[in-house]
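Listed after this line are the structures, all set down as structure tokens.
What follows is a pair of complexes built around subunit A, which joins subunit B in one and subunit C in the other.
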Partner chain A sequence: MNLLLVLPLLVPLATAIATILLSRAPRAARAASFAGAAGLLAASGFLLSATIDGTILVTQSGSWPAPFGISLVADRFAAAMVVVAAVILAAVVAFSAAGIDAARERFGYHPLLHVLSMGVCGAFLTGDLFNLYVWFEVMLMSSFVLVSLGGERAQLTGALKYVVLNLVSSALFLAGAGLLYGSVGTLNMADAAVALRALPAQGLPSVVATLFLVAFGIKAAAFPLFFWLPASYHTPPMPVAALFAGLLTKVGVYALVRVLTLVFNRDPGFTSPLVLWIAGLTMVTGVLGAMAQTDVRKVLSFHIVSQIGYMLMGLGVGTRLALAGTVFYVLHHIVVKANLFLVAGVTRRVGGSFSLDRLGGLLGRSPLLAAAFLVPALSLAGIPPLSGFWAKYLLVRSGLEAGHGAIVAVALAVSLLTLFSMTKIWAEAFWKPAPAHDPGASTPPLSVAERASLLGPVLALCAITVAIGLGAGVLFRFADGAATQLLDPDLYIRAVLGTRGGGS
Partner chain B sequence: MRSVILASAARVLFPLLLLFSVFLLFRGHNEPGGGFVGGLVAATAYSLLALTGGVESARRLLPARPEILIGTGLLAALGSGLVSLAEGRPFMTGLWGETPLPVIGKPGTPVLFDTGVYVTVVGVVLLILLTLQEEDEP
Partner chain C sequence: MTFVLALTIGVLYATGTYLLLRRGAVRVVFGLALLGYAANLLIFTAGRLVREGPPIVPAGAFAPPVPSADPLPQALILTAIVIGFGVQAFALVLLKRTCQEAGTDDVDGMREEGS
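Here is the complex of A and B:
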């Protein structure tokens, strides 16, 4: 039980160490990297199977009892997030075999991938706000290097915006954590939740909640501070972009959900409307930004922003069904979004460009790739029976039940515009005849090894999307269970603090 | 520009700094010091050599390439946490030996952790400094 919680941190760390030590033997390093990703997948699977019945696993690292030491906690939501993170890492590592250049591999690409995953898993599993800050930094440091690795001019411009905005967010997070520690004397989430009950719900707790909202909002690329994302995510190589697009913003969403349901849950009259406004504006600005773009990567980047709005919508509505919708949405979205970026990578390899103006005729050249694009694209737009439909259905229904008609209308309109964007990529890159100066005409056909490495992960992620769509009931029951846990913070608090936390 | 005074001083300072860094490392458990500061001081010793005698002279005296140092250091730190797992206690629980050793006192997993930090810091700082300086040297 104790081991299950630390394995998702130890496996990536051990893999990172192995790949550093093997830095002069690229083949061995690649094999170690793949083995590590598979190991993380197995470890996360064990973690999920131990929490799926509603058990909340807790370990106090270093044997220091909570709230003095760092608690690692896994409930259903956290465990499921670790599983998807592991899935995405495995897909990205497999894709990198043919999708990343040798120079980047030599300069620490594989170690950084695994350190990044360690940061992501740590952020999901920690039960301590300062430790969450540390995992954010672990994640950011490695992503700073990954985003600028290669040193192309465009990459460095993108990296600068990425770094500056994320440092601002870290500073706000730290300020919030400082204020919270100053007022309740603890940063253990469960302990802080108990201590805050003794304070009035308004006043300082609201200030701290807002600071966290802004800090995590920046990380999640929510309105209004989202512009760093479309400015940077199209610059690194596509496997890196896929990992970022799938996981990093969702860590921000996860942290928001965790903090607002567990620690700052006593003043929903203040936080919920705020979150709903942010959600609506995020959806709309993201999708409008996407419509103006003609670079596949930029279209996809803006759609990350718009999709974050849906996840926040569930949090803002705040009922059990809505939170289940958020959990469902996050899990489905990570798979779909990472997949779309990988598909963009293959499109570049086969079609020779990322620009919709210059692409064309890919349907004829690679029907398999076209199919692999359609699955995540239609799922993103919410076409039944794919996973995105059920995610949106849950959110819309919960919104209507709770009487939030306006945000539901926005969500539906935005999903129509998403469909428009996706059909635009489909029509331009795949359907229209190849342009006169086809940049894809000179690209060599995919070798067998490339097919396995590039299309294999893409098709596997497509299969997951279809499976979620067809077996939506299973995932819904799970998400509902996760939402029940989120809405009853006493479960979490008792698990971490033992009998002392049985407060209310 | 090469300064004779600095070059001769560096030769004397190098072993002293290394010794001092080890002192800081072991002192760190209960008093100011520790793996991080110790590692920085050790890295200073090597960078002093690199400044006076060129990057090659510093690399010659390093036990391994900086990347390998980073990996080994992290491995030591990870290993220190694993010992308690093998004993069935939570990860990173500090375990201490019974019989004190001369000079360093009771051996325990936190010492191993701090040594790991020390080696990692030396590796990271030298990886950055030596790479930057190599670009400057013709």
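Here is the complex of A and C:
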């Protein structure tokens, strides 16, 4: 039993239990919650340092040898995802000290955050498809409650859409897992990959691959099944939305990358064009949807959708550089997107509104907040030297090298429109003079405690974005290593199955 | 028998999808439940149907007798049923609260004027 692989699951679970027990003592619960997030960060750091040299860590739970037990596996990609998840959780918990109301804290806000992160980490680390379904449900169940916690009308109608479409996705995923078990008799990803080599690449495996594509596509909010996201992500309080925006859709992307590179990698003539089409349409519909919105939260929600397209683009192109681009993009994007939602939360607190029509003059009132908005916003649009520029550069270059000119053109155009959206928020909320009936005029200035709790995490995430941008070489080498592992599934298979999975 | 189950699964999927596309939120939640049942039956059938062959290894042997039923799909379905039960219970409560707040069970009527 390798403790490193189990800790990212145990720490959030223990924290969730502790925060439930401390629910009557909000201060202690908050402290425990923060300690748990810091603990997860430390655990994920150890996991990353153990996998960064290319080792694939494997643990068979209950010491049942694979494929009979559930394998937990961490390669570079999985370990890095756990690290970013821990970073976002820590930022969100710190933000929640002043950014969430006491009523929500009393009704299980902190335990739910940690159960959600347990589900997310489990989904990253599992090597078993049915177990992945279970982690998805752990994650979904806590997200269902988090999204509806508070019971405001807009929240409830948003939650209903969120719940229904995610459950449809789960049912499809379950059906896919059932069909896969029926055809190869195993659900261990490594074992299934080996067993599928004995079957023809077309036919039933393609059907199952499509089912997974649709199921994970819904979770990742890819075209055409992304409607649940802009209908629900703007309704919960901003720390919750930041956690969702950063992590949940990316779990879908991660699962897609994992399944298409490891298990269903034998029919790229069928999957690659499909993924590329989905990627292009996702980018375009997302960005066009964002242009029509005047609510900061909705603009940001639609941009999650369009950014998912970029991540899928790398998967569709499928070369080593492209997959490195996808890994880079996912890691950078999680930080940037969660940060933008946190900034929106501070904007609401300082400016009194989420609506671009009613906001204004924030540049004068809080120059620090304005700067903290610009960093992730420009990074999202891909302005050098911030992290988003390098992520887009990798994808565009890999697309050109592989001869996919059309998707590159789409990616560049969409990135221009992203810049338009971000400058719109900048001009309306920060730059233009405060409107006559300024809802922000009546908000009290930020207290010292609020500054630390609200602006602290935002600035920390900004620093990460700048650091990724300036030290892009380091992250690129890492992403390249992760892509090498993804493109050589035998490494993964040998690590999980031992000698049995040897030759191909 | 496989044919009958396949037919049942098809009917469940069709009914579930039809209900999901209706405007009444109650029907939508029933549709979700039916989709879940269909997936469970699909796993059951995909695990191959064997009558009266318990997968118990006889004394002295190292493998269960052939043909014997595969116990794993049933374990999977059991897990899926438990998860599905919890999720559907939550969906029903959410539905009830939403209908109370929105004053309608028409999904199209649940716009966000209130926000």
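Operating definition for what follows: the second predicted complex is superposed on the first by the 503 of 504 C-alpha atoms of A that agree within 3 Å, B and C clash if a C-alpha of one lies under 4 Å from a C-alpha of the other, contacts with A are read in each partner's own complex, and residues count from 1 in each chain.
The definition used in the following text is that a residue touches a chain if its C-beta (ideal position, glycine included) is under 8 Å from a C-beta of that chain, and two chains touch if they have at least 3 such contacts.
The shown structure was predicted, so the numbers you read here are calculated from the model rather than taken from an experiment.
**Student:** With the two complexes overlaid on their shared chain, look at subunit A and say whether subunit B and subunit C clash or fit.
**Tutor:** Subunit B/subunit C on subunit A - fit side by side.
**Student:** A:Thr235 contacts which: subunit B (first), subunit C (second), both, neither?
**Tutor:** Once the two structures are laid over each other on A, A:Thr235 reaches subunit C alone.
**Student:** Using the touch criterion from the header, give the chain among subunit B and subunit C with more contacted residues in subunit A.
**Tutor:** C
**Student:** Of the partners subunit B and subunit C, which touch A:Thr59 in the superposed model: first, second, both, neither?
**Tutor:** first
**Student:** Could you look at A:Ala177 and tell me whether it touches subunit B, subunit C, both or neither (first, second, both, neither)?
**Tutor:** second
**Student:** Looking at the overlay, what does A:Asn2 touch: subunit B (first), subunit C (second), both, or neither?
**Tutor:** first
**Student:** In the overlay, answer first, second, both or neither for which of subunit B and subunit C A:Ser206 touches.
**Tutor:** Neither: A:Ser206 stays clear of subunit B and subunit C.
**Student:** Closest pair of CA atoms, one in subunit B and one in subunit C, after superposing: how far apart in Å?
**Tutor:** Value for subunit B versus subunit C, nearest C-alpha atoms: 9 Å.
**Student:** Per the contact definition, I'd like the list of subunit B residues that touch subunit A in the complex.
**Tutor:** Contacts found on subunit B: 67-68, 70-72, 74-75, 78, 81-82, 84-85, 89-94.
**Student:** For subunit A, which residues count as touching subunit C in their complex?
**Tutor:** 130, 133-134, 137, 140-141, 144-145, 148, 151-154, 156-160, 163-164, 167-168, 170-172, 174-175, 177-179, 181-183, 185, 187, 235
**Student:** Taking the touch rule as given, give the residues of subunit C at its contact with subunit A in the complex, in rising order.
**Tutor:** 20, 25, 28-29, 32, 35-36, 38-40, 42-43, 45-48, 70, 72-73, 76, 79-80, 83, 86-87, 90-91, 94-95, 97-98, 101-102, 107, 110-112, 114-115
**Student:** Would you pull the subunit A residues touching subunit B in the complex into a rising list?
**Tutor:** Within the complex, subunit A touches subunit B at residues 2-3, 6, 10, 13-14, 16-18, 20-21, 23, 59-63.
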